[in-house]
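You will see chain A twice below: alongside chain B first, and alongside chain C after that.
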Partner chain A sequence: MSDRKLPRLLQTPAVLLLLVWMLVPLGMTLYFSFIRYVLNNLRRPEWTSPSLSNWRGFGNYEFVLNSKDFVLAIQNSLFIVVSILFLTVILGVLIAVLINKAFPGQGIVRVLLISPFFVMPAVNAVLWINMILDPVLGLQGIAVNGINDVLDNLRTMPVLGGFFSLWPEFEPISFRATQTSAIAVIMMVTWQWTPFAVLIFMTSLQSEDQQQKEAAVLDGASVWSQFRFLTLPHLGRPIAIVVMIQAIFHLSLYAEIEIVSRGNGNKNLPYLIGEFANNNIGAASATGIFAVILANIVAIFLLRMVGKTLME
Partner chain B sequence: MAIVAQSSKFGTYGRPILAWAVGLLFFFPIFYMVMTSFKTDADAVKPEFLFFFTPTLDNYLNMAENYDYWRFAKNSVITAVLATVFTMFVGIPAAYAMAFNPSRATKDVLMWMLSTKMLPAAAVLYPMIYLAKGIGLYDTKVLIVTVLSLINLPIAIWMLFTYFKEIPKDIIEAGKMDGVNTWGEIKEILVPLAWGGIASTALLIFIFCWNEAYWTVRLTTIDAATLSKLIEGNRAPEGLFFGRLSAVSTAAVGPIVVLGWFCQKQLVQGLTFGAVK
Partner chain C sequence: MGRIVLNNVTKSFGETQVIPPLDLTIEDGEFAVFVGPSGCGKSTLLRMIAGLEDLTSGDIEIDGENVTETPPSKRGLAMVFQSYALYPHMSVRKNIGFPLRMEGLDQAEIDKKVEAAAQSLNLMDYLDRKPAALSGGQRQRVAIGRAIVRNPSAFLFDEPLSNLDAALRVGMRLEISEMHERMKTTMIYVTHDQVEAMTMADKIVVLQAGVIEQVGSPLELYHKPRNVFVAGFIGSPKMNIFSGPAAEALGAHTVGIRPEHTDVSMTEGTWKGTVGVAEHLGSDTFIHVHDTGLADMVTVRISGDISVKHGDTIYLTPQADQLHKFDAQGMRVE
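Then we have the complex of A and B:
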């Protein structure tokens, strides 16, 4: 065996494993998406095992496209992902700029800040929806009660009481309801992923050209214009990468949505796939193919960016 | 110059105060969870912010009884450790080949590996369940270890590749002159040289395996169920049991959060595939 062949052969196990891992399930999903395949059907028992004789063509795709949940799920997926991206990037840049310069306890603050990122998603969701956002027992409920108590006391004051009695009582919000459960998911995921953005932006800020900055200070550039014309352009690439990596992760959010509301009024594509798959594997597979397409649109951009730096 | 003076004033007082406030705010939910884990269930659901209370260890002592914690924890440890070992075992030779004997296709192979990471899990879950049940591997540790390894293999290879690239090729070549074979090169030269990079890659992969919540929850029922499954199984508003729920949650995330503190830098590399330095 030649000098170069053996070393190259060393990558074959990894390549083969990943090839099988990708092609087999994806091929099966594609196959299932074109046949009638359900888990239970007493009248048509032949549909309960996958077979080419149950060919349905694009029927599953039509069924999925025509279900009103599909449009809602896409809308909701995008609403959740875009909101999280918006919040994490803005908070991430602000916090990274804030803690990038040395101050007493910088190391400890970094450790405090990064911690949420390592909390497992299920714990994150259980903690937030029960102990923080619950309208009665959570901190939210406790805080609203506290404010109302203070207001009650103010109302009994001799003169100003009349003024305060014009104020309404505050109502705690239930984050398990249809309209609010997406907000709860956005809050908990933002809490978890802002640290990730901060960490990446900080890493990038450390390679910022300090001489250029000093020159700008000597030229009398304001803090804002330093940020606007030096720091922000420097962060352009990391921001793009944070956006794309998060988009890929958050398009497949599941645990948080399941735990907050069991998808009540707040489904995303993975959740919809799960619901279809309770019985209709064909429809679930067709939805899965749509999810693959959506993820690929994001992935192409990410791969291009990463590819550029690969061989530097 | 006025601006410089102003910003230094902010630097002395404003920045530390604001930074500490932000840090404490982000840590607060974790602190609150840990604090609640030392409350009795009765104290934990009092509708007031109870900061002073008589701490109790009961929630931790009763964890085995209330949640069968140790069985899930054991599964988490076993599957995460084995998956990490297996990933490194496949990943190190692959990254070695790509870093020291690159071909024209290497870049494309790396990109393709990365792209497998972007396949939405939900899209391929049901074929996996079908296959796993078909070959009798559903709800076994073998299956979970395999899946955890495969979803993390691309990240491992990428991280190792970026570490190995930094090692001068001459050192590896020198080994060749001495008549060391390929395995010897990896074992005797590469691994000792890149030990730091290999260790931090393994650490990060371990964290990812531990926190994985989609596959591990949906491919298990009892026998191979991990801590993610335990917590998701107790998602219902437990109402009166905040104390014990906090204890089991703290026990599930505590070790990993502490591990995470030690590999912040590697996290950046691992998650951005070396694109942010």
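Then we have the complex of A and C:
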């Protein structure tokens, strides 16, 4: 056996396993997306088992494109993912820079900061929507009531009361409503994933060259200039990593959406797939292919953007 | 302009005092070199002058103005670091222009000054490269360029050449010396390299454990070391220093004689010993002599070549007018 054959041979099982791992699900999804395949149909029982004789061509794709929720799902997927990325990166950088300086109690603060990451997504969603965001029983409801009470008291004051009576009563916001449920999802996922960003940025900050900073101080750079011209470019690559990993994770958000509003006015592509998969496997598979395409577009677009702005 | 005066300056890190009270004046236009063993506080002193390290007490004046509380960027000093400390994400052009950009100069003026600096440092071909794509010598030049454009009242160098190979060091050493001749700006240069100190300095400051052992011109330090430490520190190969009966015979507690001030003979002389290792450099020969009764090993330096080999008996005679004599406290006696 030649020098090169043996290593190749030894790699083969791993490569094969990976290929099977990736290609089989993708292949089956593609196959199902081109045939009629439903779980339950009394009139056409032959559609309930996958078979090439049920070939539908691009029919499933057309059906999905024309379904009323598809555009909403795409928009929502993008809106949720981009908002979360934006917030976690900004908060992550700010917090990482803030706690990078030595201060008493640093160890405990760091552990506390990381802890949201260890909460299960479904638990996170239940906690947020019921205990924090609920308009009556949650922190939000209590806070709004409290503010209103204070305002009521102020209105009875002799002179300034007139001024405060111009203020409106505050209304608690329901985060299960069509317009606001996406916001609730963004808030809870941002809370959960900011620690991940902080963790990665903190490690990167610790490897920053201190002499460069000192050189910049001598060169007359303000704290802001040091951040803008040294720290931010230094964080370019970790930011790209955080953006990539989170984009992949958050395009497939499901539990939070289910728990907040059961997809009411706030579907994303995975949720749409789930709804189709209740019966129509063909349509669900076609949606899955759209999701793959969307994920690729998002990944390329984000990488370009991050690369351009930060690695100049 | 750039006259730097340190008055009663001290520095402690926590409980440990690194610099005990210290006074030093560096005249305008002078090339001052700080030398001393590792950990003696050279870098700390330099960083205190730059403002990167706070003083524990005392004060620093530049051109008669007390700058102890002045932030680093307002002191008008430029520093070149051992690790170069270039900004890795910026091109050479942007690196050199960075201090000007921070000053808020307009782009045309920045370009003009950057190109002038690049021209004088032979960096014109590399202006659009990133630091990672440069050799060590080129990076060092960029770091110097970044210092020059600020037109500082003094340059501070912290072992700027120690990451370069021997040949490049010689070249850069000359370039920095020439730069000093041309610009006549005050320079403070930290090194532990003998040759750099002797060749570049107008004034050498020898430090030990934060204490100034001697300040003087290179030749002053060579011919009249103030104490045993300076005598042993300045000069290469090291001065032979011995005490005991042989020293008392010469009328001093401790006596030092430089390797190049010892004559050798195979037949007669003051001291007798056996040859250990002989290093033939062509131009010079260093002979390490043992069993002289003076010290474990005595080094002599002979101009040209001489044929001696391991185990030969050899006689050494010091040149009487080149003997250095020290008292029991290690201070020079004339």
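Operating definition for what follows: the second predicted complex is superposed on the first by the 276 of 312 C-alpha atoms of A that agree within 3 Å, B and C clash if a C-alpha of one lies under 4 Å from a C-alpha of the other, contacts with A are read in each partner's own complex, and residues count from 1 in each chain.
Keep this in mind: a contact is a pair of C-beta atoms (placed from the backbone, for glycine too) under 8 Å apart; a residue touches a chain by one contact, two chains touch by 3 or more.
Since we're looking at a predicted model, the values are computed, not measured.
Q: If we overlay the two complexes on their shared chain A, which of chain B and chain C does A:Val217 touch? Say first, second, both or neither.
A: both
Q: Look at the residues of chain A and decide whether chain B or chain C touches more of them.
A: Between chain B and chain C, B touches the greater number of residues in chain A.
Q: After the superposition on A, what does A:Leu133 contact: first (chain B), second (chain C), both or neither?
A: The answer is neither, since A:Leu133 touches no partner chain.
Q: A:Ser225 contacts which: chain B (first), chain C (second), both, neither?
A: So A:Ser225 only meets chain C here.
Q: Please indicate which partner A:Thr203 is in contact with in the superposed arrangement: first for chain B, second for chain C, both, or neither.
A: first
Q: Go through the superposed model and pick first if A:Leu85 touches only chain B, second if only chain C, both, or neither.
A: neither
Q: Between chain B (first) and chain C (second), which, if any, makes contact with A:Leu113: first, second, both or neither?
A: First partner only.
Q: Report for A:His234: first if it touches chain B alone, second if chain C alone, otherwise both or neither.
A: second
Q: For A:Val64, select first, second, both or neither according to whether it touches chain B, chain C, the two together, or no partner.
A: neither
Q: Intersection of chain A residues contacting chain B with those contacting chain C?
A: Dual-contact residues (chain A): 217, 220, 222, 311.
Q: Can you list the chain A residues touching chain B in their complex?
A: 3-4, 6-11, 13-15, 17-18, 21-22, 24-26, 28-29, 32, 50, 95, 98-99, 101, 103-106, 108-123, 125-132, 134, 136-137, 139, 141-142, 145-146, 191, 194-196, 199-200, 203-204, 207, 217, 220, 222-223, 237-238, 241, 245, 248, 251-252, 254-255, 258-259, 269-270, 273-274, 277, 281, 284-285, 288-289, 291-292, 294-296, 298-299, 302-303, 305-307, 309-311
Q: In their complex, what parts of chain C are in touch with chain A?
A: Residues in contact with chain A: 50-52, 72-73, 77-79, 81, 83, 85-90, 98-99, 102-103, 146, 150.
Q: Can you check the complex and tell me which residues of chain A touch chain C?
A: Residue positions touching the partner: 209, 211-212, 214-222, 225, 229-230, 233-234, 236, 311-312.
Q: In the complex formed with chain A, which residues of chain B make contact?
A: 1, 3-4, 7, 11, 15-16, 18-20, 22-24, 26-27, 29-30, 32-33, 36, 45, 47-49, 90-91, 93-94, 96-98, 100-101, 103, 107, 109-111, 113-128, 130-131, 150, 153-154, 157, 176, 182, 207, 210-211, 213-214, 217, 227-228, 231-232, 234-235, 237-239, 242, 245-246, 249, 252-253, 256-257, 259-261, 264-265, 267-268, 271-277
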